[in-house]
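Note that the chains are named A, B and C in the order they appear, and that numbering of residues resets to 1 at the start of each chain.
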Amino acid sequence: MVFPLPTLAEPQHFSLAERVLFAALAVASVALFWRRFGPILRNILRSKQDADFHLFPAGKRIRDFAGEVLLQGKVIRQRPLAGFAHALVFWAFCAFALVSLNHCAALYGLGFLNPAGAVGRFYFYFAAVFALGCAVGIAGLFIRRFFVRPKWLGEELSWESGLIALLIFVLMASYLGAFFVPAASPAARILWWTHAITLLAFLPVIPQTKHLHLIFSPFTVFLSRGSFSRIPPLVGDEDFGLVAGRDLTRIVSLQAYSCVECGRCTEHCPANNTGKLLNPKEIVLGLRGYLNELGPASEVPLLGKHIAQQAAFQCTTCGACEFQCPVGIEHVPIIVGLRRGAVNTGAWDDEHGAKLFLALERGSNALGLGAAERDKFIEKNALPIFDGTQEYCLWLGCMGSHDPRGREIVLALVRVMHYLGTSFGVLRKERCTGDAVRRLGNDLLFQQLAEANLEALAQNKVTKMLSICPHCVRTIQEDWKEYGAPPAIEHHSEFLARHLAQLPRGGNQEQIVFHDPCYLGRYRGVYDEPRAVASRAGLLVEAPRHRERSFCCGAGGGLAFLGEEQGERVSHARAAELAATGAETVAAACPFCNSMFRDALAARGEGAPQLLDIAQLAARGLPEQGN
Amino acid sequence: MSGVLVILEDRGGRISRLSWEAAAAARILGAQRGVTAAVVGAQTEALAAEACGQGFARVVRVEHALLAPYTADGFALALEQLIRAESPDYVVFPHSYQVRDYAPALACRFGQVLISDVVAIGEGPVFTRQLMQGRFNASYRHTASGPCFVSVQAGAFRAEPADLPAAAPESFAPALDAAQIRTRPGEPFRSSAQTVDLAAAQRIVSIGRGIREAANIPLVEELARALDAELAASRPICDSGWLPIERQVGSSGHTVSPRLYVAVGISGAIQHLVGMKGSQCIVAINKDPDAPIFEVADYGIAGDLFEVVPALIAAVKAGKA
Amino acid sequence: MKIIVAIKQVPERDAPVRIDPAGTWIEESSLQFALNESDAYALEEALQLKEKHGGEVAVVSAGPERVGSTIREALAKGADRAVHILCDDLHSRDALGVARLLAAAIKPEQPDLVLSGLQSEDLGLGQTGVIVAELLGLPHATLILNVEKTETGVKVKRELEEGWFQSVELPLPAALSIQSGGNKLRYATLMGIKRAKTKEVRILTAAELGADSAPVVRMERIALPTKQKSTQMLDGSPKEAAAALLEKLKFEARVL
């Protein structure tokens, strides 16, 4: 005897009344949907065009789309359990698109998937597997949200999420239920209508809630700015950054409506984690609230009721938020955009910020120190001056020129370069690269600094540069592009890793924990090179948060130059994490991280690990110079 | 006459130290012809008495009721009349805040320019003054006829008190009218009773991590008191709550530029250096002879602060006694 | 209130300044220039007065074409218009010569208040503002940290030595030399610089102003000072070192 496979029960005949009723309900559902969705779409489309947006080359877009949307890569990678549950729901939705279409079409006798036919049968079973996964997934997510309640989902329970979960569960249950009832039974009809009404109820709920991401996030991921933390150029004489609604671009508005409020950005934000006002999620939701209330043509300042200015200036631009975001929101350009709007119009009034800007208006470095001090350092250590014959122009940066620790790092690198026989020279005069003012939103100063530096480098015929500072590297390589063609530059970790075979092996058992600087890791994608250098000097151990998920030192985004922090210090939080690994040495690869950890580790008192840059680790094993 | 006139300035009822330095400079210019000293005010008897016996050829009391309190209008008018009466070759001033206020206008009335802030006088005479915040020296020459106006920088000329027989002072009564004095000066005051005003402090003693524990702070406090200085600290000290945050010097605290900055047990992190590099004279006391603070210091003592500071307190107290 | 601020462009504070081959001036070709610091405070005081009491702020500056960038910066920070006295020989004029240029340009404006910085960072003469006041016949006060408008004129806070201050009342019109540090400077903004493009900059020449005169004081040579600042380490026992330090502080640095 052949065991009869249960098949999807579909009512065979629908009455005219049923057909009319469904049509009416469908029209009402779409109308309700559009009443909310229409204005949102209009807000996005009426936002300013993104002047620097290029669809092509689309390779990266397609890869990101496949990885982040279709395969749910980001969602799963960070929160594997919840992420997988979400992926199950997502994949079921994809599989269900045909089923739902067929479901409605069947009412009018236009069903194209025949439960009796091989294709239809296969597809219904195929969808049923997904439906089963989805039902389990959504039930899990429901339990997590309403019973486990992780803190980044917010204090308040979201009734919307509950409703949505219920609707999804009913959709799946009513679909699966139809496999177990006879085809002509009233139960089949009840299930059909339950499924249909749930479907029609679901549609208007989407634009009312964060489930708008169902519609928008695939577009948001595909239509990103193209590279990590990319700050768009200002266009024309009236563009000062994100001042008011009229400055919001389509990408920004699309991203604001895409936020799914998962709180990954908040969870990883160093400012939020140390008791500051800034919450990247609230920035995005603030934009959404602004758009809903005032629209994209408004002249009302963005910083005010919806977003606090103070919050915007607490960001270290570490990029953890943007890196984590599963729906493709680019937080750093938004936050920097808001800062630009405040600084370029003079609305930001901060004592330390003004001091930084004035120091750079009137001098060449962010620390407000004299160039003579740099000259003395160069002279005392007999650093060669770049004259066009050497291979590298060694860019000292403000920390390498003036900070006692930064100078030690430069000198360690110089020892290695001498040992390797690599020719290099330093410029007679450098100006600040403008990293801090760029991220703080002072475009006037940034342009002046970038142009003056580009001119000096061109005059000196520099083609290859090397720097100990990931901030200098990023700013020179990426941000200066707006004003010219910078020479190629690399970070010393890349240089050292390339020449590692020629350097003596450290070979001891010292445990070394490497701290990934944000501007080297997330911004530049360099993770392995500094680790290779550190591994050669001792035993590499990892902090709980490392590589892509490294936690900021607190110095980025110009914050090293601003005043006292609110709440706990970011640097202290990170230093505690690094010290807790039990490593004897903390290896850094950025002079700003170094200066932040120096104080933070010292504050931990006796027994704190020593702090060394990877250049110092590399130089440690070199024979003493005999002169 | 032809000769050199030096203007001596009243400071709290006595002639200021800087005035004696100006007198020393005047003697270089007036070696042959002698130096006339002028004291200016409403009551100049005591000042004149102090000036007499200091080797001046003459001492002139420029006295008028309208010359107290000081006004630029009053002083310029009175001295204009004196200079027209005396026609000296040189008029020498101490480069004080008061002189900066009226001397340029006074020189202008003679179609002259004050050669200000002179640090040396050479043959010719050639006057040396600093340019570019002290990075260069420039030599100046007076090329016109008429009196040459010169003010001298503090500390550039050595004042040598003399004890010579006193000549009787002369009196000069300028013609002044109250209507000619257009400004109305108020009484001098110090800034309102703030607990601490590091930015305005003339002397600062600052402590760093070398102090080791809060219990050691009174030692350095005593040094600050002995030097009549404000107590300040680097960030780790304020972070630890050992001193209030308003005493923090550095990038996240105050930027200070006192005449004297004594850094005790401060290694010299960049965040600290940016807050105090503008100090006129920096003294560093630190165990580590390679500490970066010595790079910016004028004077350094590489030693244990717990030995050096008590020695310094004793020396300061001995100097006062 | 109509306020004129006299400003000067000077080499950037940490610019690598070198003496020219003739030894009579500095090499200007590779230098970056900026607004003189105390002039920035004078401008700030003027802008704050305007913001409080209304009126107009105009800046006047003498110097070669490059001075235009500093004038634009002043306009960007909020000055309403500018007068540029075009002259290439600024450093060879003495303070009186420069003040005559400025006074000639300011006089027809009939301002209520003429502000200048206390002294320039390059020459450091500290006189121009006072001489301009004298040439215009205005009452003046120097080392001013704060200006308040009163019914009859202005009341200013004047810095005295050793931490003392004094209030001085002056009738208007008057001239004031502003000391650095009395208020908080504003930074230049992109919006300001764009708005500045449409503001008036009147160009005058020294010849038009008829203010040429032979200098009465001439700067002959520039040289590096013989003694550069270096750290003196004081050795010996703590007692010896302390005694040596005190001696140095008293008689060499003269800060005690």
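Throughout what follows, a residue touches a chain if its C-beta (ideal position, glycine included) is under 8 Å from a C-beta of that chain, and two chains touch if they have at least 3 such contacts.
Keep in mind the model is a prediction, meaning the values are calculated, not measured.
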| item | value |
| --- | --- |
| Chain contact graph, described as a line, ring, star, complete graph or other shape | complete |
| Most contacted chain pair (by C-beta pair count) | B-C |
| Chain centre separation (chain A, chain B; CA means) in Å | 57 |
| Centre-to-centre distance between chain C and chain B (centres being mean Cα positions), rounded to whole Å | 21 |
| Centre-to-centre distance between chain C and chain A (centres being mean Cα positions), rounded to whole Å | 47 |
| Sites on chain C at which at least two other chains make contact | 13 |
| Shared-contact residues (touching 2 or more other chains) in chain B | 295 |
| Chain A, residues touching no fewer than two other chains | 369 |
| Complex contact set, residues of chain B against chain A | 209, 235-236, 239-240, 245, 251-252, 255, 267-271, 273-274, 277, 292, 295 |
| Residue ranges of chain C in contact with chain B within the complex | 11, 13, 17, 19, 26, 94-96, 99, 121-127, 130-131, 133-135, 139-143, 158-171, 181, 214-225, 229, 231-234, 237-239, 241-243, 245-246, 248-250, 253-256 |
| Residues of chain C that touch chain A when the two form their complex | 12-16, 32, 34-35, 37, 73, 184-194 |
| Residues of chain A touching chain C in the complex | 234, 237-238, 240, 343-346, 351, 353-354, 357-358, 361-365, 369-372, 375, 428-429, 442-445, 452 |
| Of all residues in chain B, those that touch chain C in their complex | 72-73, 96-97, 100-102, 104-105, 107-109, 111-117, 126, 129-144, 146, 154-155, 182-191, 199-203, 227, 259-260, 280-281, 283-284, 289, 294-304, 307-308, 310-312, 314-316, 319 |
